[in-house]
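Which chain is which? They are A, B, C and D, in the order written, and residues in each are numbered from 1.
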Amino acid sequence: MIPRYARKEAADIWSPQTRFKIMFEIEAHAADKMAELGVIPKLAAQTIWEKGRDAIWDADRIDEIEREVKHDVIAFLTHVTEIVGPEARFLHQGMTSSDVNDTALAVQLSRATDLLIDDVDMVLTALKRRAFEHRLTPTVGRSHAIHAEPTTFGLKLAGHYAEFQRAKERLAMAKFEIATCAISGAVGTFANVAPEVEAHVAEQLGLAVEPVSTQVIPRDRHAAYFAALGVVASSIERLATEIRHLQRTEVLEAEEPFEVGQKGSSAMPHKRNPILTENLTGLARLIRSAVVPAMENVTLWHERDISHSSVERGIAPDATVHLDFALRRLAGVVERLVIYPENMLKNMDRLGGLVHSQRVMLALTQKGVARETAYASVQGAAMKVWRGEGLFIDLLLADETVTLSEAEIRDLFDLGYHFKNVDVIFARVFGQEAMAMAKAAE
Amino acid sequence: MIPRYARKEAADIWSPQTRFKIMFEIEAHAADKMAELGVIPKLAAQTIWEKGRDAIWDADRIDEIEREVKHDVIAFLTHVTEIVGPEARFLHQGMTSSDVNDTALAVQLSRATDLLIDDVDMVLTALKRRAFEHRLTPTVGRSHAIHAEPTTFGLKLAGHYAEFQRAKERLAMAKFEIATCAISGAVGTFANVAPEVEAHVAEQLGLAVEPVSTQVIPRDRHAAYFAALGVVASSIERLATEIRHLQRTEVLEAEEPFEVGQKGSSAMPHKRNPILTENLTGLARLIRSAVVPAMENVTLWHERDISHSSVERGIAPDATVHLDFALRRLAGVVERLVIYPENMLKNMDRLGGLVHSQRVMLALTQKGVARETAYASVQGAAMKVWRGEGLFIDLLLADETVTLSEAEIRDLFDLGYHFKNVDVIFARVFGQEAMAMAKAAE
Amino acid sequence: MIPRYARKEAADIWSPQTRFKIMFEIEAHAADKMAELGVIPKLAAQTIWEKGRDAIWDADRIDEIEREVKHDVIAFLTHVTEIVGPEARFLHQGMTSSDVNDTALAVQLSRATDLLIDDVDMVLTALKRRAFEHRLTPTVGRSHAIHAEPTTFGLKLAGHYAEFQRAKERLAMAKFEIATCAISGAVGTFANVAPEVEAHVAEQLGLAVEPVSTQVIPRDRHAAYFAALGVVASSIERLATEIRHLQRTEVLEAEEPFEVGQKGSSAMPHKRNPILTENLTGLARLIRSAVVPAMENVTLWHERDISHSSVERGIAPDATVHLDFALRRLAGVVERLVIYPENMLKNMDRLGGLVHSQRVMLALTQKGVARETAYASVQGAAMKVWRGEGLFIDLLLADETVTLSEAEIRDLFDLGYHFKNVDVIFARVFGQEAMAMAKAAE
Amino acid sequence: MIPRYARKEAADIWSPQTRFKIMFEIEAHAADKMAELGVIPKLAAQTIWEKGRDAIWDADRIDEIEREVKHDVIAFLTHVTEIVGPEARFLHQGMTSSDVNDTALAVQLSRATDLLIDDVDMVLTALKRRAFEHRLTPTVGRSHAIHAEPTTFGLKLAGHYAEFQRAKERLAMAKFEIATCAISGAVGTFANVAPEVEAHVAEQLGLAVEPVSTQVIPRDRHAAYFAALGVVASSIERLATEIRHLQRTEVLEAEEPFEVGQKGSSAMPHKRNPILTENLTGLARLIRSAVVPAMENVTLWHERDISHSSVERGIAPDATVHLDFALRRLAGVVERLVIYPENMLKNMDRLGGLVHSQRVMLALTQKGVARETAYASVQGAAMKVWRGEGLFIDLLLADETVTLSEAEIRDLFDLGYHFKNVDVIFARVFGQEAMAMAKAAE
């Protein structure tokens, strides 16, 4: 985990203290049910909670024990005995280490995903506000980074909004995938621990019961989880890249907030660089790098091997914490993005009306000209514009094969024509209600 | 696409002929709606269908045209004109190439996914049958490839069954992700094509309407799609690897079918190798290799660039066709897997009862021995067994710290003890009804 | 392999016919040595060459046999017997299938790499010519896509030239990695085949002897090979992306060649899109996708399993053929790139001299102003320029903290100042000799 | 970075303190040359070294400054001024942040690679010792995890030795790739800093001069670097997996050292698991995960963007530190691997001589039987052995088509036959000298 890309709230989920607390609770909840089932004394379960509920677990001490026994859960349980006393011997009856480890991981990943969903909500809120703010702000649509036809800046943002709605659903689904509890013993047979224990712990922790586990919760779940994070990271990269393009000197249609006191370059005092979105681009690569190892983790041998463990010690905190950071950073950038509508118009005019070439062609076909011929006429005029040989409209007027009057042509150059369906799309994306509210506020 | 790993039914989805047919249908359905809206003549739409419905599209001719115009959809439309005649000029009005390309891809991926879901059903059917067949066949559970505790072979298969049920859900979700239609024009504004056209084409093709598109359907959808395929491939690899392990000479608990006439090695006539599951392992790697490029495809520039296209020309057919092949092959292997219950028992006995070590330890703690002490006693005896210094049971009986009678110890070595909850798990995985049917059939 | 991104010359290396020919030659060369060693009759070896040297191998027939024996090399050898006659029984003595398969793959990959190295030479030639052509063509250097300081277009290209020189070395090293021959028998012990046979075949085919093989040539070699291809693909992507940026409407400093007859868009006749370099971006993703599976292939079990085979049937032809195509395409784009020096100058002027901010700051520090203070003064003026509040030079002149005369300031705005070391860099990259020749030609 | 998989010596390379020290030295060496060139006062350079050489840099203070200026190198330089005093204003003249950052990274990666090469030497030493120890220890060679033919355990290790020799060369080459210095100013033109400064700093730090840089050292170098690490990690995984296979209960030909006090399982006291090599398998996945993002980093925009930075803050320390840990762990495992030659023999006998099937077949062909016929005879007998219908030798003797005498057949079952070329291979791998020494010691 890279500290500078970690919010405390997210990083804390992965602290040893948090983990030990969750592990204790799993064991203690299990003890409750075992006590109820008569497997261990009720008093033992009670004492365990009393002594352990608010305990501060000593990570260094646990490390010290682990160096001897070379087993993390045994080290933890040994330390629990030091804190809780002899009743601790009733803990972990019939359970196996993975019962604790995997269920703890499920709790941690669930909490991390809750944060991520909140983060996406912040991105959505920012996108929605700015989308409505610029619902009808004209800007050029670009395919291949070449001017295509007019669109609105709000429509651009609406597209990203819809993508982050999908991101939210993917995260919800990802949480559903990994939020399961397994307390099924050494090879998943419940030989020495009753299924009721598992059900009880699952309920207490807000998890589903894993229908069938081996020694571990199956890792296809985690593969699907990290894959979902990788897709969300890619959506961040798309929006970040859009902003980077819009901020480039020659375009400057939007710009990241630049703070008082900020310095863009150690060498060049004039610089204002889109460093936040470039950073998001890099973080997207990092987060995506969790996907393949998570998939390679699926193939554990037989009832489990432990090769997945080191991988998850890396990717579980790193991918969730960095994604949390990235989403927050993105929300901030969108919220405070400086937008230059006048530059959008200026850029759109750069090609002198070429963005209307399709309308001219279609108008010609409506007049009975064959599509191929109409295309050739309009392309001919357009290529002259590219070569700097005149304005598009003049060239069209001078072209005999363009059988349109000047009034007709001028009419085809109307910007508003392109925005007639913006509200239809907004209603699809944000809902009729949001549209009505926006209209009312205008 | 590697021909030897391609079923004709799956490969045909990606043939030029299929693609051109779908592209034609998209254009023709769009023409129907445009005619209804009065944008083009009704007769034109009718003629288009008449001439094109059963046309054989000439891929070579289209290639030839493309070499000149350097644009695939224009080349296609030019050829449509050659087949359909002058009415073809009414096609594609206000549409852009990606409207056709992306919607066609959605149809192809949907069809491919339908196949994949059918394939998973075949895997599920095979797994279920074999799982019930071996519901109570004892086999050793292994963690770290070291004997752990007894389980049943049916339980192993039940775990894979549950995983492939998740695979099926993931494929259904993946199809939902990509099964959308966009006919929204050059930059997604519906400037020159009415939203009603999109809705009509979507309905005719069984797709949802893409709420907001740029020039293209957003590629986060496809990233999620290929990620899902990667997870399914990883689940295949897990089961394939299990079988490879079980077939190794020293284990031989299961074996791939070996045909009459088959040769295992060019040099060694005695060989019977798990080549099908090894092949599945390799195919899993290949299919997974689509995941990262699909994620890199998300970040198209502005309203689109075309960098995704070459990637998808590779991964879309390759990943779906090879996954189809792999699932079918897997279903066949499971269906016809040769299973050796006697070898399972023989292997289980290899460590002379060590698999019961936990029960002995737990029995000691039940008698009041501290967990640490009990662990040490049992571990001591076990390590002697590893060193070949005697049978586990004899060593336990000889150990003074093991305060259990011979009868008690022998009782702890009972295999049946481990299987008491097998039906609980089966009911979770296969449902109560399937359990009842199975019991009735016994 | 995607046919539209495959040159015949490259694809032919991977045709069944080529492969069978290589396999035959491996077997026949081995037979020669075996005959010399007295293991098989000399006449047999002679007959084998006579009958097989120019044989047309029947891929369909081999497939047919393979369907029965389920073993590709046995199927091939059976067909060889059909062509060569009974002497074929002396072939493959003491050899194993992988001896033939892996050595054949080494030959194919070597040939493919020779093509790739030639391709890189074409890229280098084009880059060098254009670099010298534009050695002193001023253009703005951009960091973060924001104007930084002046550079020359030739210098940009020189950087890419140096990168492709490294690409060439990487490919040479990659070839060295995989160009080995193993004829060592079933588990690499030379039990039934003499090491001299291996040495002879290696020499005949221009390969090195694999020092120690298992049943296969170790796959770390192939992992290193495909990793090298992935790096080369990434270098292609960098140059392709540069061109895409330079072609964007607002920049237009360079442009891909646009052919007569070419159409940029089905909808918009005015479009000229950088589709070649976008395509290269996508191909880079595809080629890179071979890297991870090649690394996953390294871990074959014991003396080999066959999981690598299906992977290599995909990635070996695909990655090499598409890289060959991509390099050729890139060379063509560079060779025929349309370059607009006047637009470069126009763009450089866009910020009214802000690109000289560092020189002004350094001049101030030379006059004894503290770096922090100088930075603040210059940044203050620059930020006003960003806000459209005046020209940089006017603002500097009006700023009391800028203790420089007008003449001094104007002198700091000299473009030539930035190019004084261009020739130093060119000499590093292209060598003194090339520099001298270029100077002489001026 | 995961602390439990990090050696202090490796982690220290990446500490803020180390980094700041390197950054200072780069600036101070540059100042020396600038003073010599008369660009800054000689006394300034002298004072800078005096005050800064042994300074303790305050990472918290630097962070604090960075929070204001939002630029890491400026924050560092500001702190240097706090320590060094006003002469610090002469630092960084004409340099850009990346000059410092990239060159510092080159130093860190070089040092890390020196460690890695030492680590590989430890692996090589261990492999060589154990290889010679077991040069002639018979063990079965396995293809597809099925018994193939006899080999020796030393030969297995020799193969891994050769692979790690290649790993060493790859690391040396990787270091060569990234060990360059760039001090070329804002866009690489040396506009405000003389090339001599770069040459001086490079020499002082033991780096090569980067022939042509943009604002940064080109990232194809780093892509090649991390790709090399990924290949080495994969070689670790192959050896780790071999050991895991050999330790499985049914095989038990080798075993990781198991310490006194160690516990294999929290639930099952009898367990001895190959957790070290499983851990290495996981670490290999983690290290490999750096490869793709490093390749994605290559395509920086124009003269640079900063998207690579966050990626490298993660992968540079993580991949090098974890690879260092993994190599050390591997060396230890090989060094102390418990090897069971008697189990190797026992396992080899498991199939009753089937491992000799090829020799029998070849003997038949030598007697004039057609290869196909010989194959069928031997395969027929072998399949009966698989089905438990007798011993291979008995079945061969009883088979009329096997025209060999009992003596001849028994001779074909000689193990020594397979080892006659072991020394040839050892001489190839370890050299003639090592062979001679080994022979002398016998």
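Please note the rule applied: a residue touches a chain if its C-beta (ideal position, glycine included) is under 8 Å from a C-beta of that chain, and two chains touch if they have at least 3 such contacts.
Keep in mind that this is a model prediction, so the values were computed, not measured.
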Contacts common to chain C and chain D (chain labels): A, B
Topological distance between chain A and chain C, in contact steps: 1
Whole-Å gap between the CA centroids of chain A and chain D: 33
Geometric centre distance via CA averages, chain B-chain A, whole Å: 24
Interface hub residues of chain D, defined as touching at least two other chains: 92, 94, 142-145, 148-149, 185-186, 192, 244-245, 263-265, 267-268, 273, 275, 278, 288, 292, 296, 301, 305-306, 358
For the chain C and chain B complex, residues of the former touching the latter: 2, 4-5, 68-71, 73-74, 77, 92, 94-97, 185-186, 192, 244, 259, 261-268, 273, 275, 278-279, 281-283, 285-286, 288-290, 292-293, 296-297, 301, 305-311, 313-315, 318
Chain A partner contacts - residues on chain C that touch it in the complex: 140, 142-149, 244-245, 247-251, 263-265, 267-275, 278, 292, 296, 347, 350-351, 354-355, 357-358, 361, 375-376, 378-379, 382-383, 385-386, 392
Chain B to chain A touching residues, read off their complex: 77-78, 81, 86, 88-89, 92-94, 141-145, 148-152, 155-156, 158-159, 162-163, 166-167, 170, 173, 177, 185-192, 195, 209, 211-215, 218, 220-221, 223-224, 227-228, 230-231, 233-235, 237-238, 241-242, 245, 288, 291-292, 295-296, 298-306, 358-359, 362, 365, 370-372, 417-422, 424-425, 428-429
